[in-house]
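Some structures are shown below for you to check.
Each of the next two complexes has chain A plus one other chain: chain B in the first, chain C in the second.
The block that comes next holds the complex of A and B.
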């Protein structure tokens, strides 16, 4: 029994690292632009389809497709920022919500039009496999996906901390007017943050496709999960995001295995509500 | 009456007679209510193609002869994926097009609320949704030609018991898992009853939502319970997720038998999973390998349109349309004055005894008739297995087109 529980904890923790990577993109967009992007999960869905496409037509393994999909999603992020998001930054909250919900619906309809409603999956990935670790079985695809997610999250943290552009993003996040007076190009910084948030979903999409399938409606779930992780973590702490992702992943896995699979969302959103109630700025938030 | 008036009246009379003689046969509208967008669109779009081909074949064969060669016309409406959108689309379809009958829905939880709308409007609903309780809620105008969900579950167990006996393989411990829709629940209950009847020990049982994002926890639990065979009723995306997770984990049971598991044995799943899909079985309410001209014609036409053989949803709707055709024929004979009156058409459905023709040629068993609840007591399911990228009928043995592979060659010890 203990072995089974620990196995579920490990499985959930590995999945949680990928969730954290998805939530990092959302955190960047929300933290810097202060915009509630309801379409974030659908960027993950789109990335998974692009992974499927790149893998099928270019014979690339899913794990290598981010080399192509990251620039694509970055470019798409810039395009969407300048064509849609920028115009809503000074609008009321309800306008921002309407725009991102519209974008979410558009991306879903677009995916259904291009790839049809049926789920798509890749037949094989070089990172599929397993190895025994004592009484446990470790799935290679989950382990490598979690490891790459952690590497990406740490790399983004370093970028934000040490690069000039990263410091600009943090400055714009703290006080856009003061950052502007210090010579930061706010418009470009915002565009870069939005594009970077979108590009991170390309990596997550590539990793998810090594062991999952994609269908046009699955974006909503990733979007809502990201919001829960962000609320749990709070803004400004990247290690907090990782820990929160792991908490959500483990809570989900234990609920599915030992209580009731249908209650997995209940538990995740219960955590969300309790954190908002007891600690509105999140467990690790700095503002 | 002046002479000119007399000529005019005679000419008008002649015109009426001539127009009666040369009038084009009537066109009857049949409604298609299927999920054409959203998560279930994968089933709905193919179901619609099945109906379209059936209507082409019926019209090409002379339409409804007892109704003067009336042809059928399909009007499709997207029922979406929620009960509310399904009810609205049913109301819209009925009020705008006045169909003689509606076919479809596929999803049981959408069919139940829509059947309230069709019953209220006295419109025949020929359902392709399979939850057992669908025909137990007192709907007067609902008919279901195919086997129900419980029969799907029971058939999967009976197949495993039969093949294990034939191959001399011991099967005692079984796991039963299903997605948590009313269909999945009914299938699992059918499997549970059949397992207990066959003295199998159920060592693990679980229901889960089909949009599960990770199956690792459940697969680990199944492995820990050490079943010989896993009976599984998934939808589409969860079937892919489970099959991939079981394979990657490397601890593969003697057999995984799908039940109502389109995601395991449909052409689309084979395309998505490749080798991973090999040896999975599924129960079907349609037999694409039934060896007769009518079935071959349907399979060929469907393949020409989609590139693959028809699965459950298009198959069930193909023969359902032919069942409607037979009911209209019978209603035309029994009630020549008002064959389309809903109660007359319902009466015709209840009096049907179809034992020949395309409806039965494409049906898994030898006859189609309806009891007072709208179910077909003669309905049966077949089992198909994925063998080298093709789905082949492997059970019942007397209609099998290929030998089942059992147990799985890649099965491992736990």
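The block that comes next holds the complex of A and C.
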């Protein structure tokens, strides 16, 4: 019994690290552009399909597909920013919501059109397989995915903290007008942050595909997951984001194992609502 | 040599006009003050020059180029540094990071020891280096805002009410440093309600009222003008 519970906790925690990576992308977009992006989860879904496509038609292993999908999603992010997001920045909140919900619907319809409603999974990845660790079973794909996610999250944190460009992104997030007075091109910086947030879903999507399948409606779940993690952690704390990812991952895994797999989004939503109610700035957030 | 020449500048917020045709001149190495009552458009003038507000019409000639209507990052990179009213620091960044942002467009300045020069001007900033800007006192915030505006070694520094909401003793300290910067040849366009300090520092001054320049002269002349005394100094 205890072993089973711990196994679920460990599985959920590994999964949570990948979730944190997804939420980091959302946090960049929300924190810098101050826009509520409902389509973020559908970027993950799209990335998973692109991973499937790249590994099937280019015979690339899922571990290497991010080399293709990251630039693709970055480019898509730039395109979407300049074509639709930029125009909505000065608009009222409802307009922003309408635009990103529209984008979400569009991406889902696009996936249904191209890949049909059938779920797709990879036949093979070099990081599939598992090994025993005492009484536990470690899924290699999850372990490697979690590790790469942590590395990516820390790398992004270092980039934001110490690099010249990262600093200007944080400055733009704090006060866009003041940043422009320092010579920062705000439109360009916003485009970069949006594209970078989108590109992070490419890595996450690739990693997720090594151990699960994708279907066109999945975006909603990832969107909810990342909003929940962001609400839990608050803006501006990278370790808080990782911890929150793990909390949500574990909650989800325990629900699946001991209650009902279909209830997992319900639990995530409950956490989301309760945290917004009790601590609207999150557990680790600034201000 | 003229550093900045503003001609017939009209601007405002949306359809609400504030500046009704302002002419103003700042020569290289000169300190020019703009004084005037609350709401006369002093901040609007500086915000229009630095590009945060687009002018309706008029010219902003800087180094012979017309800056009117250009984006603010462009104007900043051309060498016009604006220290906004209230500082507008980056609250979630440290004091040092705020200073580094000041040199965003001129990273070479960081290697040439400019930061050390600024630390000798305001030593407190070095001691507070790792502290978040949001946690500074009002006076420290203003010192940081001025320093951040200086790290790019601008051709002209525009200050918006550097004495606003600061204890008198610190106002004295800040103006003391501004005198030192003036002695080094820095070109300054200064906006103030604290006319005493501003007019003492300024070579020349303009009086702005209802979006128009109503008087111009040397700092002492404006300070001695009976109209102005009645208007602003309450004498």
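We adopt the following convention: the second predicted complex is superposed on the first by the 282 of 287 C-alpha atoms of A that agree within 3 Å, B and C clash if a C-alpha of one lies under 4 Å from a C-alpha of the other, contacts with A are read in each partner's own complex, and residues count from 1 in each chain.
Following the convention adopted for this analysis, a contact is a pair of C-beta atoms (placed from the backbone, for glycine too) under 8 Å apart; a residue touches a chain by one contact, two chains touch by 3 or more.
What you see is a predicted model, and the numbers here were worked out from it, not measured in a lab.
Within the superposed three-chain model, A:213 lies in touch with chain B and out of touch with chain C [touch as defined at top].
In the superposition on chain A, no contact is made by A:133 with either chain B or chain C. Legend: residue contacts after superposition of the two complexes on their common chain; A:142 is shown touching chain B, with no touch to chain C. Look at A:185: by the touch rule set out above, it reaches chain C but stays clear of chain B.
When the two structures are aligned on the shared chain, A:12 is found in touch with chain B, with no touch to chain C.
In the superposition on chain A, no contact is made by A:155 with either chain B or chain C.
Greater residue coverage of chain A by touch, when chain B is weighed against chain C, goes to B.
In the overlay built on the shared chain, the residue A:273 is in contact with neither chain B nor chain C.
Overlaid on A, the two complexes show chain B and chain C touching no common residue of chain A.
By the touch rule above, chain B contacts chain A in their complex via residues 37-42, 45, 180, 206-209, 211-214, 216-218, 220-221, 223-224, 236-237, 240-241, 244-245, 247-251, 263, 268, 272-276.
Every residue of chain A that touches chain C in the complex is listed here, in rising order: 164, 167-168, 170-171, 173-175, 177-186, 236, 286-287.
Within the complex, the chain C residues that touch chain A are 50-52, 71-73, 76-77, 81-82, 84, 88-93, 97, 100-102, 104-107, 148, 152.
Of all residues in chain A, those touching chain B in their complex are 4, 7-8, 11-12, 15, 112, 116-121, 123-124, 128-130, 137, 139-142, 211-213, 215, 217-218, 221, 252-254, 256-257, 261-262, 264.
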